[in-house]
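Each in structure tokens, the structures are laid out below.
Shared between the two complexes below is subunit A, which pairs with subunit B and subunit C, respectively.
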Partner chain A sequence: MGTTDTTESTTPATEEVGWETKVRYFLNNDLVRSSPYWGIPFLLMGIAVYGGIGFNTAISLTDARGLQQPDYTNLDFEMYTQVFESSAFLSAAQNNLVLLVVFTTVCLLLGLFLAVLLDQGIRNENTVQTIYLLPMALSFVITAQVWLWLYNYDVGLMNIITRGIGIGPIDWIGNPSIALGSVIFALIWQFSGYTMVVYLAGLRSLPNDQFEAARVDGASTLTTYLKIIIPQLKEASVSAAVVLMVFALKAFTFLYSLTGRYRPPNGTDILATLMVRQAFKLGKWAYSAAIATYLLILALGVIAPYLYYQYRQGSL
Partner chain B sequence: MAGSSSDQTFDVASLVEDFDLNRIGQYVLVILFIGFFLAPLETGIMTAFKTNRAVAETIPLMPPLAEGFTLDNMTFALNALSGAFFNSLFMAIPATIGSVLFGSMAAYGLTMVDWRGQMGMLVLFLIGIFLPYQAVLVPLARFWNNIFPLASMIKPLFVAAPILQDYHANLVPLMITHIAYGIPICTILFRSYYQGLPSSYVEAAKIDGASITKIYRRIILPISKPMFGVVFIYQFTQIYNEFLFAFTLITGSDTPEAVVTLILPAVGASTSGIDFGIRMSAAFLAALPTLIIYVAFAEQFAEGLKSGG
Partner chain C sequence: MADNDRPDVSTDRRKYMAAVGAGIAAGVAGCSGGDGGDGGSTSSGDGSSDGSDGSGGSTSSDGGSGSQWDTQLEVLHGWAGGDGEAAVNALIDAFKKEYPDMPTKFQAVGASANVNLNATILRRMVNGNPMSSFANWPGKNLERYRGNLMDLEADVWESEGYKDVMQGRAVDLCNFNDKLPAVPLGSHRMNNLFYNIAAFEEAGVDPESLTDMPSLMDALDAIKSETDIAPMGQAMVAPWTVLQLWAQVLQSQAGVDAYMNFIEGNGDRQAIVDSLELVKEIQQNYITNDASTSSFTDMGGKMIAGEVACMHQGNWLAGQFRTDDSFNFGEHWDWIPFPGTDGTYGYHIDAIVAPANNPSKDETIAWQKFVGTTEAQVAFNNLKGSVPLRTDVDSSQLGDFIALTYEDLTSSERYPPTIAHGLAVTPEQMGNCKTAMSENMMGPYDVEAAADALLSAVSN
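So, the complex of A and B:
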């Protein structure tokens, strides 16, 4: 900024600028002087994130497994085709897709509904918001234990309710065709407070007079929300959706904690649990590194359009 | 917006309006959802204080009555978790301070200067936030176990230190890992705050000839106190609650250096199934530190979530 201006204005006066001056200008440059501030954190983060990704990719190209050291002289994409052809990967990918779509959609809808509800001038609104957001403050390890208890076949609350309304006890976690739905329901319970907070912030940033204008035109509250307010919450929806989708891809802790074992309940195996099991239970390092790369590509497929969208909006 | 009249006036008309059907419907919904969010936690807490017989025979939502009440589960869970609590805090507090400080520094460096590559660097930080950690797990395990076994190198230091045992050294790699992967989110949280600050402060100090370090220490740090609160609370909760890194870097739930989240899925389990009285007590105790922070600083927590996700 300021320093580049001075460089330009002094250059014609002295004709030839000595290297000492150039070095001094360089060292006085804001970028250089601020480098210890962003440089050290960037280095640490860069090694961890991008060094890690690079290392992972390198391992995925080898055949490393068990105690055998990775051999970097013979690299190929064999693991990637092996992973892609295995039925465990395909069924995990399928479960993951269901989890991602259903979880994200319901969380967004429920969060929007709760945000609109709290926007009606409810008394003690802050306390209510704090209660709705409470599950988000808890670890997945803890919420998994709570839901394990709720889903307990004999005495869990969920089956007391289902018996009460006459649809009999349901094996929420044990039945493979229901288990994924049960997990999604529990995760929606944990995350819808988060989407609510994002939507509430979006609602609060809208100018107040739109409501008045719509009212003058004779629109009902419902129409006003559907036609005028909700379309303006696009940005909030996009950013919440990205966070939820990326979470759905990497969700591991909740599923692991339900059983306390590498294998989550039948019918709920997703890419993240498959990857960790292949790596740390079976020692298939290269194979699991390839699964991790697929996972990373999927996550980037969600993030990249989002970052581009943000960039175009000028809000990066 | 729509119902803002309710808390302004005392005239009868608005009071009557308050009691229309719409309003009642809204409050019924609000209360139903309070039930939806709290009932699971309530059953957990009630179960924690029940005897095994009461657990099997009473409705989970009901509080424990007379002879159904016991503190045994809590005592058992506290014994099982006490060492883990120390480990969790010993690891999470320095890790939080580290990532928050680095995040603030990086955000300062990035907002202070205008240069072309900045957008690229920002994107690198943002990808770091969304990174699925599975993509770095195998390298992490290899790095800390084979390439740079820091834990075994510093073990002698920990033997000599008071209070600490040699196994606490195993928590240091986990601490550093949390700092490194926590930097992106902390940076972005601070950046959005620093961008909102009026640039006149910094410009004025620059004209006065203050150095970059002086501007950071004398101007930026004091005015970013509220944001430090937000980021610290957010990051501490994240690190304390985290499971995957701990699971990867610490060998098992039965090791003395295991953190709380690592032990919890195993507490109260036996061949005959899970003892839910004990499991719920342990879950409640494990949640306590973050619950206290959450109740005390709910607003800051929401603020961190809003911008951080």
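So, the complex of A and C:
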């Protein structure tokens, strides 16, 4: 700030300066001089994210469909009511919410459990850690195909297990009341390793002294974890939860890879698949743009508590 | 649990920043490169090749002899693997032999059921960046491109006399919105029942006796009780197989007219309910348990392996059988018309369609003319397992299975257009029909709801 402030203040307000001087003043301004550093990311974000959201919202207010260019003269919220009244949308939104909540919660709990186990100083700790984390490194395209084989009714591993324990074979993908659970299970398999690593990092950062102090005071292991350790992992939980929720919204890739089509297995339709189907199979641009807006609202609703939390922490 | 006295090994911040910087730079380069919005998954850089063609040198290497083709022909198709790829390559080779000077770019946009192909075409056309032509189903399917198709009637159809040599109903299906924007390439027959000869023999089923739905159900029952083989293969990873099976059952049970009335929006609800009941009975009792995770090629594999006795499918399935040298036509597998549909040829067409505002008008016309030639149709269809739509092809030029189908194509009594492959209903209606099947006919079953959903799908 310092240098430009002094130049400006030494210039008497009444003095007539030429435009070249004005330009030089302007270019010497802190804001302008720092613009290469904040301006480029700002522009990229602005165009790619907020420009995209704005354009999407604009399209959703038109009646655009097919190959005609959208007509912006007559904007209304008709598409939003149309979307909201369709039963396909409501069931997709419901599936999306279930996916979001169940997947995130189970991933967090399972990851915490694994992290606590791993933190007990077991042998070959790093190898085990890598094994748990590996599924996350795999693309959805691959894991979807693998799970399709695992869920095969006749020869899939899952049914070999259920037969072994006497439940009998289950039509994991074909039964619409189970299919969503099967998909969530596969996603949890892929992402619990990630939460484990996040929690493990959190656990590692806690000083040993606290464990020792708790032990000296006579606290059991369970109490130590519940009262002392887990409350300190709040930061890790929040950041892991946000990442997981974003992945839950991206489950489109997994579902698309399961069938190779925009229509996922019956009972697992989510907003993203519904939106892509309406847009790229049928060319209903405005309609699917409205679905996209609802999806954005859902995502914001999920993120809002995190933002509020950050705000209260003074990070925003 | 960290030991407080252990030195903290932190990430090298500079390396991290460098990596982030490189990532951003790569991202920026990626964003600014695709100016035309052509994010096609299989190929990139079409902007650059367009540019060099304009200066007239890069592709025509034969001495720059004033070639009449100055624009690149760009064709999108979905045949990215298997027999489809072999077939389209044969077609492309024949075309390049005919037009060695023309700069061309044939682009396979893969993935099943043309989902990526159709999405790419739609996106490029709405962005005002059309290609020269693309492979698609004609008929009501062209509804997606309404108002944006090139009329080839004078330049291709009339100048080559194709209206006289192509099947009349193929000409009708290529006629859309009073234009002729497409040239048919080949036809698959829909109403086939493929069977494993050994499996039928083991169960004592005589394929000749399968002439209607009751005889088919008896045969399935016999296979189930006499053998360990699954009586029928039905892929149910997606609903289109259920839709096409139902269409055959309806035609078999209630007649082609009942089917035609349905696709025109005047379906007889009772006939539909009855046929759906049979589909339900087949799918609940006679198909493999793993249908919901299996594609039709998985099922074809099971039939080759002798785990499935028969299956209904368009005759593209023969393409899969042909690639297996140990599974031969007439020896290991054979086919009959779907029981009760003898004398009917379930009509399917693959066509090459030209969009309006064509970037390469002359080249597109030359290519579309070529698609209609006997040479092109024989080269493509022999490998694809479909049959030419010209009526003047000498069937000795065709493979044995294809020659048989070709005779049926020219001599059947009825030609109901396929519902699951774009000819009979618009894309939106087809999507709703698939939803009807997906929600009510792939377990848990609700025949009444499926009938209502199907009727309402085609009513508007």
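Convention: the second predicted complex is superposed on the first by the 272 of 316 C-alpha atoms of A that agree within 3 Å, B and C clash if a C-alpha of one lies under 4 Å from a C-alpha of the other, contacts with A are read in each partner's own complex, and residues count from 1 in each chain.
Throughout what follows, contacts are C-beta pairs under 8 Å (C-beta built on N, C-alpha and C of every residue); 3 or more make two chains touch, one makes a residue touch a chain.
Remember, predicted model here, so these are calculated numbers, not experimental data.
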Subunit C versus subunit B on the shared subunit A, clash or fit after superposition: clash
Subunit B or subunit C, by number of subunit A residues touched: B
Touching partner for A:G260 - first (subunit B), second (subunit C), both, neither: both
Which of subunit B and subunit C A:L300 touches, first, second, both or neither: first
Partner chain in contact with A:V183 - subunit B first, subunit C second, else both or neither: neither
Contacts of A:N208 with subunit B and subunit C, given as first, second, both or neither: both
Touched partner set for A:F280, first subunit B, second subunit C, both or neither: both
First, second, both or neither for A:A115, with subunit B first and subunit C second: neither
Partner chain in contact with A:G46 - subunit B first, subunit C second, else both or neither: first
Touched partner set for A:L133, first subunit B, second subunit C, both or neither: first
Touching partner for A:N152 - first (subunit B), second (subunit C), both, neither: both
Subunit A positions touched by subunit B in one structure and by subunit C in the second: 44, 48, 119, 148-149, 152, 154-156, 203, 208, 211, 259-260, 280, 285
Complex interface listing, subunit A residues touching subunit B: 1-2, 30-31, 33-42, 44-53, 55-56, 59, 114, 117-123, 126, 128-150, 152, 154-157, 160, 189, 193-194, 197-198, 201, 203, 208, 211, 221, 239-240, 242-243, 246, 249-250, 252-253, 256-257, 259-260, 271-272, 275-276, 279-280, 285, 288-289, 291-293, 295-296, 299-300, 302-303, 307, 311, 316
Sites on subunit A touched by subunit C in the complex: 44, 48, 66-69, 88, 119, 148-149, 151-156, 169, 171-176, 203-209, 211, 258-263, 265-266, 277, 280-283, 285
Subunit A-facing residues of subunit B, complex: 1-7, 26-27, 29-30, 33-34, 36-41, 43-44, 47, 55-56, 59-61, 102-103, 105-106, 108-110, 112-115, 119, 121-128, 130-143, 177, 179-181, 183-184, 187, 206, 211-212, 216, 237, 240-244, 247-248, 261, 264-266, 269, 274, 276, 279-280, 282-283, 286-287, 290-291, 293-295, 298-299, 301-302, 305-306, 309
Residues on subunit C engaged by subunit A in the complex (per definition of touch): 1-4, 24, 28, 31, 111-113, 115, 118-119, 122-123, 125-126, 144-148, 236-239, 288-295, 427-428, 431, 434-435, 438-439, 442-444
